[in-house]
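Presented sequentially are two complexes of chain A, the first with chain B as partner and the second with chain C.
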Partner chain A sequence: MPKTYKAIASQTLTGTETSVTFSSIPQTYTDLVFILNPIGTSSGANYLARFNSDTGANYDGIRLTANGSTVASARYTITGGIQIHDYLINGTSQVPVIICQIMNYSNTTTYKQLYARGNTASNWVQSSVGVWKSTSAITSVTFLSSSSNFQSGSSFSLYGIKAA
Partner chain B sequence: MPLRTTYAGSSLRNLGFQAGIEIGDFEPIASQTLTGTQASVTFSSIPQNYKHLQLRVSARVNSGDSYQLLAQFNGDTATNYSWHYLFGNGSTVGVGNASNQSFASVGSHPGAGTTLANIFGVTICDILDYSNTNKYKTTRATSGGARNVLPAYVFIPSSNWRSTSGITSIYLYSEGGASFVEYSHFALYGIKG
Partner chain C sequence: MATFIKIASVEVGSGGAATIDFTSIPQDYTDLVILASLRDDRAAAYANSTFISFNGNTANFSSRVAYGSGTVSGSFSLARYAGTNVSEQATASIFSNSQLYISNYTSSNYKSYSIESVTENNGSDGYQYFGAGLWSDTSAITSIGLTLDTGSGGSVLKQYSTATLYGILKA
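Up next is the complex of A and B:
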């Protein structure tokens, strides 16, 4: 039986970058999974996923966060992307692990939902879900931050899952 | 056109396509994409040769705001289930639990009552050691659905089925008596270990 969960592309940065884009994503899978390990150059920034270069106000989402003393939930409507982690930390000592699941990314009938689970051991655990209000198939995904870059050593991996 | 990974800024590079590397033993068992409204979905005759199962669902129902995705295993409709959950609804956080229930809570989905059209939810539910005949079965799920309005939910449930039988069927339906709408997608995977 052909394998279902396939590594598509992966990259570890060797310099500072403002964003990372996976483009020309094959349309032959059912779901996409991104595993991210970004190292920020400054703290306090939102970390976003943007689809098909859409910078418009076409995203909506909510998050559930806990920081070791408090737990909270909030809605966000960030122009230009879905928030997948609330607070990027500067430096290599506090690097989040973020797993993003995008369901039915290639269909042209429904809006696209992303579920993200991110953890920074010294700061946050967060679960968030967001919608890109477009029926277009996702052909590219850009990861960026509202006010931070990614340091050398940041890693980004893409996997495809194919249903029966 | 092959997949490209590119970077903005001074280190712009086209890394080209990396051939897909098949990894692990994560195999599709069955999937269903609804072509009309349907009250339930069943996966039956589940092979017993995997170590774990993963259920991946993108669903919407035809009424209400948001509902739990419910499951019964092997046709067991007796009160042999218990569950607890944590949720955030965009403004508040809550928890819940129940014992001696007739269903497991395995995810969530938005309803068409006040949800923007074309929005479907996300559920990923793991069932560990599903074929083991020496232990009760536990599920762990992450789910949610941004609805473009509040309340919307991040919903994290875990359930227990008090049976040592291997899971051979999964019956899925919605809380609130709502039905799944067209384009709702349900997929079951087996994980070897």
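Up next is the complex of A and C:
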């Protein structure tokens, strides 16, 4: 069977952390997929993906959110990252599933786009697309929150997909 | 080592089936993915909800879903919601397309899952759904059932409905 969906790295926290970084990402795949189950230390904070430690105003995006009764769409500009979910939960009873896909991450010609689905059944669901306005290949990805840390038990997994 | 492994696949035969079941799920993976193509026999509608159960349990489920049809959009909450089935008002031979991502299915936390489901009825009707589901139970998931919302009419998943269960193993 072709081995085209390969586990690259994973981190499960054993203590509280302010951020989680995947560095030295191999440049031998076509696309990347991150699966995140973050447990916040406070509720309500949003959640970002940052590329190659770029903390500048080099990110833009839009999001579609729904809370079980209303749907909303908005454009955002956040310095230092792409928003991938807008509502962390404090506690293990409702850990969100966040799926992030980055296509063609290693090319040095185009800006890089990230597509994320962040889902917390108790609060809302969010579909986001963001752009990192850099033609650099992505060699590291950092996940962090604007106003929360990640609790022990938070898990983050990286997979590589290789085109035929 | 491959990390996206097919565990089991079910195709509904003639006469239909009330549920598609995956039982005795190995506990060796990190996450589970279900890819499904479904149609049911609800007569008075184009589409119907897919309902899910874990370990034969239909209680303690919740969800939050966003949807769009090309003309309208909205959001709803519906316990056990796991995507959409195409129903009998749709053009023949059309089935839905769904993905469920169930992360950390063996953990002792409550079980969260991501829902993505779409249908397109030959230019006349179409829906996209994406959502979050939660099973408020700390048990490891050992079996999964997919069925239809019989409260809205209909009783079986139609012949040629399929669902495949995959295991994903982290590094």
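Note that the second predicted complex is superposed on the first by the 162 of 164 C-alpha atoms of A that agree within 3 Å, B and C clash if a C-alpha of one lies under 4 Å from a C-alpha of the other, contacts with A are read in each partner's own complex, and residues count from 1 in each chain.
Operating definition for what follows: a contact is a pair of C-beta atoms (placed from the backbone, for glycine too) under 8 Å apart; a residue touches a chain by one contact, two chains touch by 3 or more.
Predicted model only: the values in this text are computed from it and were never measured.
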item: Combined model on chain A where chain B meets chain C, clash or fit; value: clash
item: Touched partner set for A:Arg117, first chain B, second chain C, both or neither; value: both
item: Touching partner for A:Gln151 - first (chain B), second (chain C), both, neither; value: neither
item: Which of chain B and chain C A:Ala74 touches, first, second, both or neither; value: first
item: Touched partner set for A:Ala9, first chain B, second chain C, both or neither; value: both
item: Chain B versus chain C as contact partner of A:Ser127, first or second or both or neither; value: both
item: Partner chain(s) touched by A:Val95 [first = chain B, second = chain C, both, neither]; value: second
item: Touched partner set for A:Asn37, first chain B, second chain C, both or neither; value: second
item: Partner chain(s) touched by A:Leu64 [first = chain B, second = chain C, both, neither]; value: both
item: First (chain B), second (chain C), both or neither touched by A:Ser106; value: neither
item: Chain B or chain C, by number of chain A residues touched; value: B
item: Contact residues common to both interfaces of chain A (with chain B and with chain C); value: 1, 3, 5-10, 64-65, 71, 117, 127, 158-159
item: In the complex, chain A residues that touch chain C; value: 1, 3, 5-10, 35, 37, 64-71, 92-97, 99, 117, 119-125, 127, 153, 155, 157-159
item: List of chain B residues in touch with chain A within their complex; value: 1-11, 15, 17-18, 20-31, 56, 58, 86-93, 116, 118-122, 124, 142-148, 150, 152-154, 156, 183, 185, 187-189
item: Chain C residues touching chain A - in the complex, by the definition given at the top; value: 1-4, 30-31, 62-66, 68, 73-77, 101, 103-104, 109-110, 112-116, 130-134, 136, 168-171
item: In the complex, chain A residues that touch chain B; value: 1-11, 13-26, 30-31, 60-65, 71-75, 101, 103-104, 107, 109-111, 113-115, 117, 127-131, 133, 135, 144, 149, 156, 158-164
